[in-house]
Amino acid sequence: MDFGPVIEGFPRLLWGCVGTLGLALAGMALAIVIGISGVVLRDSRRAAVRWLVISFVELIRNTPFLVQIYFIFFALPFVGIRINPTPTAIIALGVNGGAYAIEIIRGGVQSINKGQVEAGYALGLRKSQVFRLVILKPALRAIYPSLASQFILLTLTTSIASAVAAYELTSVAKQIENDSFRSFEVYGVVTLLYFIMSWIMMTFLNLIWSRCLNYPVK
Amino acid sequence: MRPYKFSELNRRHLLLGAAATIAMPMILTRSAFAVTPDELKKRGKIIVGIQGDNPPWGFVNSSGKQEGFDADITELYAKELGVTYEFVPLEVANRIPALTAGRVDVLFATMAMFPDRAKAVQFSKPYVANIITLIAPKATVIKTNEDMGKLSGIAVPRGSAQATQVKKNAPAGTNILELDGDAATIQAMLSGQVQAVGGNMFYKDKLNESKPDTYEDKLEFQRVYNGACTRLGEKEINASINAFIDKIKANGELAKPYAKWMKQPVPQFPASIEGVSFSAS
Amino acid sequence: MGEKEFIFLLQGLKWTLALTAIAFAGGIVSGLVVALARTSDSRTLARVTAGYISLFQGTPLLMQLFVVYYGLALAGLRLEAWQAVAIGFTLHASAYLGEIWRGSIEAVPRGQMEAAKALSLGYVSRMKDVILPQAIRISLPATVGFLVQLIKGTSLAAIVGFTELARAGGIISNQTFKPLLVYGVVGAMYFLICWPLSLLGTRLEHRLATATR
């Protein structure tokens, strides 16, 4: 086994890690936006809107991410929507994460006691305030562990974005592997880098928890 | 009484037994690790690595059958040895790893001869010529290497000769997309994700299949020669393939697949290529 | 896209299902071992297994496939592509199923274990007759959910060049030049297989929640 090429290419691998974390954070942000919007639309009075959200969620959750990103990158241009690799990856990650986020957040929202909402209105809060402070925040607090582990998975899923040459760790790893033919050494080290990154992500998500959502609840 | 007797097994036995069950599939392997033509003849079959998505060299057609120039050469070599053949279609970047891992006996897989590849595998004498080019729509203006820098993007298959050439010749800062294989690269061109692709002399035919008369070769990077690959140190099979290649050049059998797939006469092959040795030492 | 192309896609689908079946079967056996090791009384064994599980849950499936695919070759094992890939998926499944079943074993009320010990049942009988039947029932929704993930996960075998459904789609897309249609059909095929399983998982979850109420 020869780790020379890996050590030589290590700076490039580290930059690839930066790319991965960047993609992951952008994807998570988009996923939360889609998640919250989806939860709101899911309870729309119009059946068509409800069915749209349900179909979206079921479609995304029951098809592979690789096929989704292939579709966005190779097929959408044929209807006029052409997106570069890195934005494609962010959109694919956001859409995929968003579909799962809709279901997870919805579970949290449904667990909020109706009495809480009534109390909110009784206190004179506006509808948007009730949604933000009485429903959404407690719901996020309740389902945070599920959402966090889904987001760790999202961070790991960024490796599939190498199939459309987005800038992240796996793409860099493949380049180093092709030049050196030392497949096991390269991918072994890269696997450990991903392990460290998932740990970094977990620490980051725990930080958000303790800063924003760790308030006492009876 | 039965539950009592069964429960005398303790945890350790259970874990060992289950571990053995898992280990079983690993013992049932079918090895591709034959070293010499004699062993191949004894086995009766040669396992050949070939490209599955790179016409006309090697491609799997709609019926799932492997076809192409390399497929015809494989057929001839197998006939020479008196064995049957089995194809393993490989991605561009996976060809050398598959050979060194023992998954295939030999590569007839559009392997262009380069010195750094020659460090990892043993090439045979060249049997087919190729031109590595940059292909783009006729309307796009690309006359020099510098023009590549003006493009929004160039796609190449990861680990291919054209990837090396484009990376070497394009100005710094050019957006080069390295994708997994020839199929993805062509799809990137057709979907407009990139403005040019690094390919071989047949890419434009493939691209023009979808939009006739749209694409042409813009830059010619390199004329390369392809050889068959075997593992380093395996002298007998290397000698056998070299003898076979000499034979089909001499008796005109090489000309037939050449005319059918390359649509050219057989060119003169160089007697040696710098950095690449044709015989195992 | 004609009939021939469609049949080629179906052949890819065949490999997707075959890989899933092998990985799931292997994963069940090895996952059980992992779960039992993880919940064992030996602290060392439990810790080592926890490390094994967190390694597979903290790294991408694609990397796990690559490492197994290239690592086995380096170790001298000459395997066919599908065998190496199947082993990779099986190890992945063993870690995830092991963790799912650990959770469900620990969800069985402690009183059950204590009662079984009080009745002087040995380890095997405790597990086989008392704990596991209850644990497996609790784990059914999550196990079915993981099966869906596994089916989708087999698409990554495409990146090591294995012609399952996703790669077949890429090849046909390149022959017909109609990626919208081809990837649409490929997505639909995955959907038709995964969606019923997802619905089954949801139904099991509701039934379980009702039963324990």
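Which chain is which? They are A, B and C, in the order written, and residues in each are numbered from 1.
Methods note: a residue touches a chain if its C-beta (ideal position, glycine included) is under 8 Å from a C-beta of that chain, and two chains touch if they have at least 3 such contacts.
Computed from a predicted model, the values in this text were never measured in an experiment.
**Student:** Which chain's centre, taken as the mean of its Cα atoms, is farthest from the centre of chain A?
**Tutor:** Greatest centre separation from chain A goes to chain B.
**Student:** Between A-B and B-C, which chain pair is linked by the larger number of C-beta contacts?
**Tutor:** B-C
**Student:** Closest chain to the protein CA centroid?
**Tutor:** C
**Student:** I'd like to verify one number: the distance from the centre of chain A to the centre of chain C, where each centre is the average of its C-alpha atoms, in whole angstrom.
**Tutor:** Spacing between the chain centres: roughly 21 Å.
**Student:** Just how far, in Å, is the C-alpha centre of chain B from the one of chain A?
**Tutor:** 36
**Student:** Could you please state the distance in Å, as a whole number, between where the Cα atoms of chain B are centred and where those of chain C are centred?
**Tutor:** 32
**Student:** Quick one: which residues in chain C touch 2 or more of the other chains?
**Tutor:** Answer for chain C, listing residues that touch two or more other chains: 70, 73-74, 159, 170, 173, 179.
**Student:** Touching at least two other chains at once: which residues of chain B meet that condition?
**Tutor:** As it turns out, chain B has residues touching two or more other chains at 97, 100, 180, 184, 187, 191.
**Student:** Got the chain A residues that touch at least 2 other chains?
**Tutor:** Where chain A meets two or more other chains at a single residue, that happens at 74-75, 78, 162-163, 183.
**Student:** So in the complex, the part of chain B that touches chain C is made up of which residues?
**Tutor:** 3-4, 6-11, 14-15, 18-19, 21-22, 25-26, 29-33, 52-53, 60-64, 88-91, 94, 97-98, 100-103, 180-181, 183-184, 186-187, 190-191, 209-210
**Student:** Give the list of chain A residues in touch with chain B in this complex.
**Tutor:** 73-75, 77-78, 82, 84-85, 162-165, 171, 174-175, 177-179, 181, 183
**Student:** What residues of chain B sit close enough to touch chain A in their complex?
**Tutor:** 93, 96-97, 100, 116, 120, 153, 155, 158-159, 163, 177-180, 184, 187-188, 191-193
**Student:** Per the contact definition, I'd like the list of chain C residues that touch chain B in the complex.
**Tutor:** Residues 2, 4-5, 7-8, 11, 26, 29-30, 32-33, 36-37, 40, 70, 73-74, 77-81, 83, 86-87, 90, 121-126, 128-129, 159-161, 163, 170-175, 177, 179 of chain C touch chain B in their complex.
**Student:** Looking at the complex, which residues from chain A come into contact with chain C?
**Tutor:** 1, 58-59, 61-68, 70-71, 74-76, 78-79, 152, 156-160, 162-163, 170, 183-184, 187-188, 190-191, 194-195, 198-199
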